[in-house]
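Heads up, the next two complexes both have chain A, just with different partners, chain B and then chain C.
On to the complex of A and B.
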C-alpha cells in the first residue's frame, strides 16, 4: 500500500499541473471557442517573467504576481490587434495565432537567448512521510492549482461577471440586446484566460527547464484535456485532465513514456470519436 | 417617441427595408402584421442594432441610435424580446432575470418584486432551470427579462409562436396591463389575431418592406377584411 502513495501523489501532481496549464485554455478555447495556438507561448512568457524576476533579485512571490499581469497585458494586445477581428473565423484564428506563437518564441530567443534557464525552487526541502519523501514545492504547487481551479470556477459560476460571460458566449446577440457589452466581456474573458496561462508558467517554472520551445509540450495535452473532457466551465477540464494526465503519468511510470503517449492519443481519439462533445459535454455544435 | 426615417436595411446586398419611415408615440401599443418574409423581424432587428441600417435614421426620444451597438440601444430604453424567446436554457430563472438587469442603470431598472408581482410563476420557480420551462413560461421569462431593465419601449417578435392559446391570452392581458400601468410603449410583430385584439391600440399592415395600411384596432375588431387581405386568414 505504502509504495502506492508516491505514485498516486505523482499522478495527482501531474494532473493538477496539467489542469493548471489548461485552465486558461478552458476559458479561451473551451468556453469562447477560440483556438489560440499561441497559448503555450503565453505560458512560456509567464515562466520567463519568473526568470527575469529572479535575475533582478526579486522575491519569488513578486514573480508570481508579476507574470499574470505582464501576460494579461500581452493578452489584451493580442485580443485588440488580432483575435477580435477573427472571432468567427476558426481557420484564420489558427493561422494567425500560429504565426504569433512563432513571433513570440523568436522574441524570447532574441531577448533571453536560445538556451534553457532554470528558476530556483522557492521552498527547498522535502516532506518526510514514513519511508519516502516528497518535495514541498510540489505540494505547494498542487495546493495553488486547487485554489486557482476553485477561484476560476467561482468567477465563472458565482459572479455577475461570470454570468454575463457565459451568457455572451452562449447567445451573443441576445446578451447584447439585454444591454450587455459583448465586446468588453469577450475581451476580459480572453485576458483572464491569458493571465491564467502566465500565472501557470510562473508557478511551474521552478520544476521545469525554461526554454523558448517549452510552450508546445503543454499546449497539446491542454487542448487534449478539453477536447476529451468537454467545454463546460471547469468540470470538463478536470475530467479531461484526469484522463489525459492520469493515463500519461501512470503508464510512463509503469511501462514507458512512449507507450504512455501512444495510449493517451488512442484514448483521446476514441473518446473524441465516440463522444464528440467530450466526457461531460458542454460543447455545442457551431 | 420612436421615429424611423428613410430606413434601409437587409442582409448582404439584399435590401428588405427600403426607405422605411414610421413614428411610434410613447405609450402606444402598435401591432405590426403581415405575412412571413415581409420585413417585420428585419425592422425590429434594425431598430435594435442587431442588423446595421444601410441608411436612414432611428431617433428615440431625441437620441440618434442608428449607429449604436445593441447594448447602447438597450440602455437607451428599448427592450427586445426576440423571436424564439432565446432564453438562457442552462441558467436558472433568476439568473436569466439578473442578466436583464446587469447591463442597465440600477436607478432606472425595475425592482425584482415588481416583475414577480406581474408574473408570479417566475417567483415560484426562481431557482428552476429555464430550459425545463414550457414554451409559454419561457416566453413570460423572456418578456420579464426585457422588462426588468426598465425600458420605455418594448419590441416583441412573434411572442405567441408555438404557445397554447390560453397562455397567449394571459400574456396579452398582462402586457396590456403593464402598458397601462407604466406607460410602456410596445411594438409587437404578431400573426396571432387574438393577441393583437387583446393588446394593441393600433395596427400596421406590412408588405414587401413597406407599410401598406395603418388603422385603429377598432377597425380590425369590426371587420376582418384587412386581416384577409394582408394575412390571408
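On to the complex of A and C.
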C-alpha cells in the first residue's frame, strides 16, 4: 500500500498539470474553434520566465506572478497580429500557429541557447508520513493546480463574463445580436487561455527540465485530453486529462515510458474515433 | 493544358540544372526532387482530396523501411531487386493507408481539426515504435541500403554516380507529376473537388464518399511510399526520423508555402524551401528557422493559396487572356 501512494500522487500531479495546460487549449478551441499549436510554446515561455526570474535573483513567487502576465502579453500580441485575421478559417489556424510555434521555439533557442535549464525547488522539504515521503513542492503544485482549475471553472460558470462566453460558444450570431462584443470576448478568452499556459509553465518549471522542445510533450497529450473528454463541456477536459494522464503515468511505472506513450495514444485515437463527441458528450467540431 | 506547359518548362529547367551546378548541388537537388515527390503526394491528399494529414511522413517512412528491408535481402536473401522493392514499398504504404483510412473515414468518420490531431498522434506513435523496434535497427535505423539497381535486357547497372541518379529520379518524378496532373484533370479530379467542398451533396448524387476518400488517401500514400523508397537508396540508410513528426510537418510547410491546391506549386515549394534552407542557413545561421516560421505564418494568413501558386496562377490567367 505504502508503495502505491507515491505512484498515485505522481499520477495525480501529472493529470492536474495536463488539465491545466489543456484547459487553456480548451477555452481557445471550444470557443473559437481555433487549434493553437503554439500553446505548448506559451507553456514553455512561462517556464523560461521562471528561469529568467531565478537568474535575476527574484523570489519564486515573483516569477509565478510574472509568468502569466508576460505570456498573456504574448497572447494579446498573437491574437491581434495573427489569430484575429483567420478566425473564419479554422483549419488555417493550425498551420499559422504551427509556424508561430516554430518561430517561438527558435526565438528561445537564440536567447537562452538549446541546452536545458533547471529551476531550483522553492520548497525543499519532503513530507514524511510513516513509510513514505513525498516532496512538499509537488503537493503545493497539486493544490495550486486544483485552485486554478476551480478558478477557471468559476470564471466560466459563475460570472457575467463566463455567461457571455458560453453564449458566444453556443450561438455566436445570436450573442452578437444581443449586443455582446464577440471580438472582445474572443480576445480576452484567448488571453486567459495563454495566461493559464504561462502560469502552468512557471509552476511546473522546478520539477522538469526546461528546454526549447518541452512544449510538444504537453501539446499533444493536451489535445488528446480535450478530444477524449469532449470539446463541449469544461468538465470534459477533466475526464480526458484523467484518462490520458492517468494511463500514461501508471503504465510508465509498470511497463515502460515508451510502451505507455504508445498505448495511451492508441487508446486516445480509438476513443476519439469511436466516440467523436468525447466521453462526456457535447458538440462535435465544426 | 496550360498548366502542363508550365510544368514542362519547370522540368526542362530542372533537367539542365546539372550543367550549371557542381556535383555537390546535383546530389542535393536529387534529394530535393524526392522531397518534391512527397510534397506532390501531400498536395494531392490535402489540396485536392481535402484531407489534412499531419503525418504524411508515415507513408514516406513505411516506403523507406520496406525498400530497405527488401533490397538488403532481409526477407529473401536472393530477392533484392530494386523494382520489386519499389513496388512493395508503394503497395505497403497504400495498404497501410487503406486500413488507416477505413478506420478514420468509415461511418461517421472524422475530419478537419480532429483528423489533423489524430494523424499527428499516429505519426508520433509510429516514430516511437520504430525507435524501439530493434529488429529494424531501432533508433539507429538500417545502414548500407544499396543504391537503385536498374536491370533491363540482361544488363544491370547500379546507380552510384550522381548524374545518372539525378536523371533517373527526375524521370520518375516527372512521370508521377504528369500522371497525377492528368488524373486530376479527368472526371476523377472533379469528384475530388466535390468531395472537398460538398461531400454530402456528392453522396446524394450516388457516389461513395468513403471509397473516393480511400482511393485518394491510398494513392497519395503510394506516392509518398515511392518517395521514401527512393530516398533511402540515395542516402543509403533509413531511420525513424523518416517516419515521424518532424518530416511530416516540414512537408506540410513546403506544401502550404508553395500552394496546396496546385501540384506544381507544392512540388516547387519543397524544392525552393530546401534550396533556400541550404543557402540561407549558412548566411543566417540559427535565424533561418525563425525566418521560415515567420514566412510560413505570413503566407498562411496573407496568401492562403500559397506563395508560389499565386504568381503561377496569375501567369496562367494572363496567358488565357491572349
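Definition applied: the second predicted complex is superposed on the first by the 281 of 286 C-alpha atoms of A that agree within 3 Å, B and C clash if a C-alpha of one lies under 4 Å from a C-alpha of the other, contacts with A are read in each partner's own complex, and residues count from 1 in each chain.
Note that in this section a contact is a pair of C-beta atoms (placed from the backbone, for glycine too) under 8 Å apart; a residue touches a chain by one contact, two chains touch by 3 or more.
Note that the structure is a prediction, hence the values are computed from the model and not measured.
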**Asked** Regarding the shared-chain residue A:21, is it in contact with chain B (first), chain C (second), both, or neither?
**Response** neither
**Prompt:** Looking at the overlay, what does A:160 touch: chain B (first), chain C (second), both, or neither?
**Reply:** first
**Asked** Thinking of the overlay built on chain A, is A:96 touched by chain B (first), by chain C (second), by both, or by neither?
**Response** second
**Item:** Contacts of A:174 with chain B and chain C, given as first, second, both or neither
**Value:** first
**Fill in**
Larger residue footprint on chain A, choosing between chain B and chain C, goes to C
**Message:** Quick one: is A:182 in contact with chain B, with chain C, with both, or with neither? Answer first, second, both or neither.
**Reply:** first
**Item:** chain B - residues contacting chain A, complex
**Value:** 48-50, 69-71, 73-75, 80, 82, 86, 88, 90-91, 95, 98-100, 102-104, 145-146, 149
**Item:** Complex contacts: residues of chain A adjacent to chain B
**Value:** 160, 163-164, 166-167, 170-171, 173-183
**Message:** Applying the document's contact rule, which stretches of chain A touch chain C when the two form their complex?
**Reply:** 29, 33, 35, 82, 85-86, 89-92, 94-96, 98-107, 109-110, 216, 220, 223-224, 227, 258, 261-262, 265-266, 268-269, 272-273, 276, 285-286
**Asked** For chain C, which residues count as touching chain A in their complex?
**Response** 52, 54, 103-104, 108, 110, 112-114, 116-118, 120-122, 124-125, 128-129, 131-132, 245, 249, 252-253, 256, 286-287, 289-290, 292-297, 300-301, 304
